[in-house]
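Some structures are shown below for you to check.
In the two complexes that follow, chain A is the common piece, with chain B as its partner first and chain C second.
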Partner chain A sequence: MAESNNSTLIKIEDVSAVFQGITAVDNVRFTLEKGKIYGLIGTNGAGKSTLLNMISGNIHPTSGRILYKGKEINRSSSHTLAEKGIARTFQNLRLFGKETVIENVKVAGQGKFRYSVLQMLFNTKTYRNAEKKLNRNSFDILRNLDIEKYAERRADSLPYGIQRKTEIARCLALNPNLLLLDEPAAGMNPKESAQLVKDIREVHKKNPEMTILIIEHDMKVVMSLCDYIYTMASGKIIDEGTPEEIQNSEKVIELYLGHGKYAESKRA
Partner chain B sequence: MEKIKDKAIFKFITVVVIPLLILIVIETKMNDYYKTVVILLFINVILAAATNFTNGITGIFSLGTASFMAIGAYVGSLLTLPPDMKCSRIQGIPAFIAEIKLPFFAALLISGLFAAVFAGIIGIPILRAKGHYLAVITLGTVIVVKSLLDNLTSITNGSRGISGMEGYSTLPVTVLVTVLSLYVMYRIKTSSLGRGMIALKNDEDAAESLGISRFRVRLFSFMISAFFAGIGGCLWAHLQRSIAPSMFYLTETFMILEMSVLGGMESLSGAIPGAAIITFFPYLLSDFSTGGEIFGIKVPKINGITNIVMSVLFILVMIFRKGGIFRENDYIFDAMFSPDTYSGLFKKEHDDVLKKDV
Partner chain C sequence: MNFFIAEIINAIKLGSIYALIAIGYSIVYSILGLINFAHGDLMMVAVYSLWVLMNLKIPFALAVILAVIITMLLAIITERVAYRPLLNNGEETLIITSLAVSILLQSISQAVFGIDNKALKVPVFFTKRIQIADFTVSVMNFVILAVTIVSVIVLAFILKKTRIGLAMRAIKDNSLAADFMGINRKAVIVAAFGIGSALAALAGITYTGEYVSFDPQMGFMLGIKAFIAAVIGGLGSITGAALGAFVLAFLEIFFAGYLPDSIASYQTVFVFLILILVLLVRPDGLLGKNAKRS
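Right, the complex of A and B next:
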């Protein structure tokens, strides 16, 4: 393993997660470099979501160390990590359904436009400017993802693909250094997932510094987007490499019983 | 074409001018009995809105409002009663408490602060609990506060309570305080803090992953709610002019809960219809509960008619309109407190960032 240096964003050292005797993540080590897109693949129950939950602070590792920009974040809460630039989506949609799309985005973006309670109560210029900038900023994010026309719609009234995009928009409002996507294409039709690939590419082009980690079963999505792929099975990383290396890896082929068939067979 | 009901002038007239005129008529033309009922309505609106603030907006289901109200009532009363009155009525009252005498508005503010600090102290451990645990624990607070008031006799005069407060809670004072309280709560709800509160209610994990501190925001919400419950309690004490621990117990707790749920606990404006029903119904039904003549028809005495009617109404609302009368819509305060309403009175086009930028 390379020593952590300036280009390393996340370093995971021998991290394990144990739930009531079940080892969900077993002595995992890996590194995420700044500005790259990573894939994390593996069968259901391999521990991918658990690993992501640990990076985002939703759960804490049983042992090992997680370093973010060289600092240990094992015990950091998810809201402090969000402020420090780690954004995530959830495997199941977790939008604020009763709120509008723009409100969903504003909640995430508001940390960057602060004001005091008194400034708010007296409706001062600072308050009004902050709210105005927050509105503009949130709206721009929606426009970049081509969903600005849904801004005032209730989130749970929208098609699935738009809701998924809203979730990504919400993450982008945090202006993250690290974007963690847990099965963003799950439940999408081929057209929607092709669009998703385009959107993620677009996002990355606009923020080339941003590191993205995608958990995904749809091999088309993973292979076309990622610079580097980690493969997990039973809590362990069993292989890693570039998309070509992974496509030709015997371990991975064995795991998936043939190329690309995995997604269909597992979801059925 | 703008709909009439969206016009600033229409909003201004319906939510500001007309209510103000009605209040002026009540203040100048009505007798004290009716005025008291209307003042009570306003106090109940504060209590219900404070409850909605936690229960409906932040998603902390608290039953503790009556205990914060009690603290406000006692602190406020002890601060405004003249020293000699305190000494003669409360056996063994410590000198430093007896000596204080503050103007009403100072006492009002301090009573709110006391309630908020109390909520902060109990909130730190209990806000870690979730869902119905929290309801049970906050109900426990009501019980604990009542027994403290019963037993700290040298300060509270025990179960006999305290009386002799000045009637500072006149209609104009109460209306002013209510409007200010509602303004503060409404503005917090629509600010970044409120967005955090609403996000937490929807999904705690998702909200936290977006940078919202569950603990900080929930504690803040709980304290703000207690602050206004304390203010409500202080107003209440200076309306009734006599308080006792039993007034802030389970009956009051459930009355507050009914107001909150009937009106729609996810809406601050819901406090108004909720409080109106709960405040006025007992008076409207009082002829039935004592027996007597209504419109010349003799009615027999029906014991407990108020409770029966209220319960039936409650069940009906729960079945046919689960979110309460206003659901999550802040109809009244959206119009009353929105800068749009007022700027719209003077400007033809108002600056809507979202639409202007497209």
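Right, the complex of A and C next:
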């Protein structure tokens, strides 16, 4: 059961999350392949965020197993998972608001360019090189997202769209294998969300190995970006498939419209 | 006039010492959300360590360095055994635990060294008095000010220019996000305890170097006063802690110096009164910006 082929990045096996008797996630199983973009949709309270919190180590499953690159990560802490390449954004922005944009990115990137305290104190070559590389790498990320002109600005002084981009930039500094985006288009107008779709595509083009999982209510965003979509309701996966399949899925239509074809025919 | 200037010198001296302690309070608070009531007792630990080391005939400079290191180690050990297991149990639990740690440290030192006052004899160099115009000021006064200034500069460098500083700022700003960005909060907490306790150790040593006498309870009241300073300035803000420390020291010294003798002995009461007044007007302290922890 545990064996997964090389193209599998995340395998979720019968995972449940129960809080004080309430089952938020109920025996969910799915897999995420390397290099693909996935969508996770469903109504509020369906358990999407709980699932994302479990994958990123914020909460731990009550039962079942989460495998990352074939290894169980049920009990791993968020910061070790971040180091291992699982990065995430948040439904409500969680930037380091008092720091500059470049520093936000550097916080995440520093684990990639290491040196010891002694090397710092004696200003050795290793130390200077690591700092130089961290700087260059962080600026490259900003440049790729077209926000390098905001590098020295305080994060909380910037427009919402730029803050959203900064959050993605910060994730990219972790050089992630898996990028989890929690409602990236929340609070955006249609123009901004169209730009977001472009940006995510661009990011994926530059990092084709990266797997992306997007929780999103904006169907336009989900349908135009994702290769494959999982739909959740009441803690369970009720349907999955390509965007086309999901758009035509009776279960999904029923979930969003309340009653689906059956109700429509009755109304008519 | 001379009295006035002498009082200012005294206030700067006391303010410098309060600042060292209050800044340590603030660093630990900003990373951990812990109001560490055992922080003041770390000064006592440093002073007793120094006293023991000097009795062992270890040269003064080396003894000071060792005493600071011992204090840092002890602080890191208390973090490991007392606070870390309770990290997710809420701030109230941590505060009560810190009171327990405080009492424990005091009791141990009472049991080992007895409850009576001891005197710390620093090398005579420090007690020399220098004549400046109409005043004589002890070398120790300058040492205290220098130690505080250098500590603040080193600290500012660590916070602004190093990675551990960046990690600290990130945690203070948004600890959850910092977690997801690969920052090991436990390691940063250890660093915060290390820095905070080093400052407390320096404060304890300079304080006792100036006022000579010490006992197992010495840290508690000083710790409370520094805590008040940190609250007046805005808990969690380093600049606020330093500002609060000097405000408090000036008030305390000038109350004691200028109030009629009959009520001057109530200076501590006035200090607490000031705290209440400041918090009525600015609940987050002078420089506090209503920073919400998340």
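One rule holds in what follows: the second predicted complex is superposed on the first by the 254 of 268 C-alpha atoms of A that agree within 3 Å, B and C clash if a C-alpha of one lies under 4 Å from a C-alpha of the other, contacts with A are read in each partner's own complex, and residues count from 1 in each chain.
As a working rule, a contact is a pair of C-beta atoms (placed from the backbone, for glycine too) under 8 Å apart; a residue touches a chain by one contact, two chains touch by 3 or more.
What you are looking at is a predicted structure, and each value in this text was computed from that prediction instead of being measured.
Bringing the complexes onto one copy of chain A puts chain B in a clash with chain C.
Judged by the touch definition given at the top, the superposed model places A:His79 against both chain B and chain C.
Once the two complexes are laid over each other on the shared chain, residue contacts for A:Asp146 go to neither chain B nor chain C.
When both complexes are overlaid on chain A, the residue A:Asp26 reaches neither chain B nor chain C.
Judged by the touch definition given at the top, the superposed model places A:Ala87 against both chain B and chain C. Looking at the shared chain after the overlay, A:Asn135 reaches chain B, while chain C stays out of its contact range. Contacts of A:Glu192 after superposition: neither chain B nor chain C is touched. Once the two complexes are laid over each other on the shared chain, residue contacts for A:Gly111 go to chain B and to chain C alike.
The intersection of chain A residues touching chain B with those touching chain C, taken from the two complexes, comprises 56, 58, 77-79, 82-83, 87-88, 90, 94-99, 103, 106-108, 110-111, 120, 170, 173-174. Contact residues of chain A toward chain B in the complex are 56, 58, 77-79, 82-83, 87-88, 90, 94-99, 102-103, 106-108, 110-111, 113-115, 117, 120-121, 123, 127, 132, 134-136, 139, 148, 151-152, 170, 173-174. Considering their complex, residues 183-184, 187-188, 191-193, 195-196, 198-199, 202-203, 205-214, 328, 339, 353-354, 357-358 of chain B touch chain A. Remark: chain A residues 56, 58, 77-79, 82-83, 87-88, 90, 94-99, 103, 106-108, 110-111, 120, 170, 173-174 touch chain C in the complex. Only residues 162-163, 166-167, 169-170, 173-174, 176-185, 294 of chain C touch chain A when the two sit together in their complex.
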